[in-house]
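Across the two complexes that follow, chain A remains constant while its partner is chain B and subsequently chain C.
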Partner chain A sequence: MNEELIISGRMNPYIDPHLEVWEWQIPLYLFLGGLAAGLLFFAAYFVMTGKEKKYPTTVKYGPIVAFIAISIGLVALLLDLKHPLYFWQLYTTIRIDSPMSWGAWVLLIITFVSLIWIFSYLKEAFPKYNCKIGFIHNLLGIFIVKNDDETWEWKYSWLDTFEKYAQSNRYAWAWVMAVLSVILGVYTGILLSAFNARPLWNTAILGPLFLTSGFSTGAAMLMIMTKNHEERLSYSRIDLFLIVIELFFITHLFMGFLASSQVKVEAAHYFLGGEFTVTFWVNVIILGLVLPAVLEALELLKYKIPVIIPGLLILWGGIMFRFIMVEAGQIIRYLY
Partner chain B sequence: MRYGMAIDTKKCVGCSDCVVACQTENNIPHGYARDWISETVSGTYPELALEIRSERCNHCDNTPCVRTCPTGASHVIEGGIVKVTHEECIGCGACVESCPYDARYFHPDGYVDKCTFCDHRVKNGQDPACVSVCPTYCMYFGDLDDPNSEVSKKIATRKTKVLAPEAGTKPQIFYLI
Partner chain C sequence: MEEIKVQQHTPRKYMNPYLAGVLLGLVILFSFYLTREGLGASGAFKRGVAKVEQIIIPAHVNSEKSAFYHYVKNGEDPLKNRLVYMIIGVFIGGFLSGAINHRLKLKLEHSPKITSKTRAIAAVIGGAIFGIGSAFGRGCTSGAGLDGMAVLATSGFVVVGMIFGVGYLVAWFFRKLWI
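Moving on, here comes the complex of A and B:
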């Protein structure tokens, strides 16, 4: 048998023996970004289709969770930078070729759009402003007139004007947010797939796959959050549909690898018998996709399933999928 | 003007003089390296073949590192040399991930660093530090666009290969085999 033994004298930190440039921060962000994309998309979609009355949790509270998720994700991204004080350099330029550049811009814009959305629904989501958390209460005190029955009354007239504007243009903002959330969801996949040096990531299916997975985690989150039975049931249906699509994409991912060049065939074998086989199949496929799909199907067949179980399983699958993809992608490389 | 290198794998003995010269010339922090030696043994005993290579950034024609950089810190200068502006680098790691040769690393100060083909020496008409110290004269540096340069002649008359051509980066360091 012809064998090759390679010895490299290079031992750069984070680079050798295998790449560890992206640790927990990037996969965590990819998960939170996908989750936020899902939450914002559903909120926007049900306003666009005029069903906001049927989906109160999605429209009013979903974007708040999305905003918190994006904020934590942004902190994770900042922690990932090795030169963090220079982060503002991202916003001095737009580089069309670099997914990270337009991702950073989309992230900035969608954060503001989600804030406008939250603002326009604030009085409906919280009829009284009696917030238990001290610092948020004090923060609100800057903008509102405090009164005894704790109803909302803005201190400044421009807040009233802005609120009226936001409320009367919800339909338009819904379109903006829907488009941006799809870009955000796809971006979490494209961020990885743009690197032709990492065979596992370098496949066009990663964008749609991460988008579907993000939407599926968003739906799972809403399924856990809502107290409305009908809303919950429709998210069970949506999730079931998304999981089937995701399984289809994952099958395609490996089929594509196995029919590709040598490095990609090797990349696929890491998941089909190699190092990541058990972690991937147990956590992502079985616990994260197949089991919740079965539970949701049973629920649709009128069995009583506590919603928290499939919900948490899907979130677990989503987060494990990203951690495994980022870790494995950096181990599999071209030369040695 | 297109700078490039030819490295004779038949002459290289893997002494690592190029590595040390680079570390000294460019003040590389301890434990890091912009160039390195790789040794490949192939075949079945007793029919073995050994190839020793001095490797570094390939200063590719099609640069994924420059393409994926979100701030424009990674850029190409005159002669096709790929460089990083330290003050513009945010340390996101996109270029490190995009390099099939893993030729980039994080400087302990946070920015990404890499081989510069010693452009500060080259613009004064000198060879890069690694080339100038090689005791076996196995490295040739020069203008690939000029058919009369030593490096072009070596590439024209010898059998050559580049590393990971399937990655599509069009590397500009040619190994004479």
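Moving on, here comes the complex of A and C:
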């Protein structure tokens, strides 16, 4: 028989706060949420400024990718829950002081708004009805009628009415979507920074930092998606600008930690010589920010750069940033 | 928005090989100064293999009989090593050099007398033999050869002598792959 001598209450399991429970689901969701926020913001912004003709991919196809990203992110969130079937309980209350309540409601509303947006552009995005997959063909056949020239119409008049309504109010919807996408982008950071027992997360700069990073990944995704040369170049410019802001925020994140209490100084040292130094600096700073910035600057200087490389690097940096922040945030704590 | 068009440039010539050799020597010097160790290419790939083994068949790589045991003992991550990051740097540097000199193009270089397929097959076989050789020799051209010579180790001179000597001897048999 093994005998154990209990000399302190802290030797009992679960006496110390036990929060190392977030695995891949939360960082993946934070990444996809930020990406969707970026995609939806750019779509809304270019409609608000009357430039939708110059940015066709952004306005018509970006929100579709955003919707898919949000859907995958929500599945990841559900998988993280201990009781997935109780998710609806988040919608029985509105709590202004809870980031999770903000997030749950914003996600719900922005999903519907993005669906309305996609619906209003559906005929422009997919003018021809030539789906080869039988199952989807039959499914779509419930709602639409094919014309002789392969264009299509809605089968029911109420869908036509709704489409006209959505199209004639695009400018208003753009405003709603722009505001919601900023809230969504900031919320992915605020979700972490609201944990006051986690020194690495408990900083107000995390909201703007995650927002910028989300917009940057959104711009990178659009840069990869678009076939329009002008659109691609303007996203190179936008991304370069966002990367500079992100580097500025990251610098200030660490400056803030180093000027703060001892536990935050120690949190910063995990990244400045400690356990996460190489992973963070190589994946996030060098591969995810500096290298794509150099490549985009070269592209603007008229060198030929395959757009997929800086685009994928930015997406890689974005996803690694969230994985490292969530992982490190759970390891760095007050009690040892 | 003003129109910016990517101009078509002819690829620039490669650097003078003697100058590049001197620069490579300075890279080794700089590596010793910064990390107290030299360069190495095969180490990163061996560590990559060790990582794959660690995921798929951990029992094999964790046994003391494994050649990769020293990469993973004490629960270490085999990829957390400067050689792995050096290889990432090699890709970045090569890519930037290609971009700046207008050489960025996906292509397979080979003799006009052989097909791309022959070249690819020959390269895979050659690479595999080189990999086996570097495992036996405990290092490749850079790790065992260049670093060894840089610290005036006898093994370094032997390795380089053997690589070039044997290469010279067998080149005649494989000449048709190149000329």
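Here, the second predicted complex is superposed on the first by the 307 of 336 C-alpha atoms of A that agree within 3 Å, B and C clash if a C-alpha of one lies under 4 Å from a C-alpha of the other, contacts with A are read in each partner's own complex, and residues count from 1 in each chain.
Keep in mind that, in the parts below, a contact is a pair of C-beta atoms (placed from the backbone, for glycine too) under 8 Å apart; a residue touches a chain by one contact, two chains touch by 3 or more.
Note that the coordinates shown come from a computational prediction; the quantities given were computed from them, not determined experimentally.
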Quiz item: A:Lys54 contacts which: chain B (first), chain C (second), both, neither?
Solution: second
Exercise. Using the superposition on chain A described above, determine whether A:Ile133 touches chain B (first), chain C (second), both, or neither.
Key: neither
Quiz item: When both complexes are superposed, which of chain B and chain C contacts more residues belonging to chain A?
Solution: B
Quiz item: Now for A:Ser98: first (chain B), second (chain C), both, or neither, which partner does it touch?
Solution: first
Quiz item: For A:Ser8, is the partner it touches chain B (first), chain C (second), both, or none of the two (neither)?
Solution: first
Quiz item: First (chain B), second (chain C), both or neither: which does A:Ile142 touch?
Solution: neither
Practice problem: Would you check which partner chain A:Pro306 touches, where first means chain B only, second means chain C only, and both and neither mean what they say? | Solution: second
Quiz prompt | In the complex, chain C residues that touch chain A | solution = 1, 3-7, 9, 80, 85, 88, 92, 95-96, 99-100, 102, 104
Self-check item: Residues of chain A that touch chain C when the two form their complex
Solution: 54, 229-230, 233-234, 278, 282, 286-287, 291, 294-295, 298-300, 302-306, 309
Practice problem: Quick one: which bits of chain B touch chain A in the complex? Just the residue numbers, please. | Solution: 16, 19, 31-33, 36-44, 55, 64, 67-73, 87-94, 96-102, 104-106, 109-112, 163-164, 166-168
Exercise. Please name which positions on chain A make contact with chain B in the complex.
Key: 1-16, 19, 21-22, 80-84, 86-87, 89-90, 92-93, 95, 97-101, 104, 194-198, 261, 263, 330, 333-336
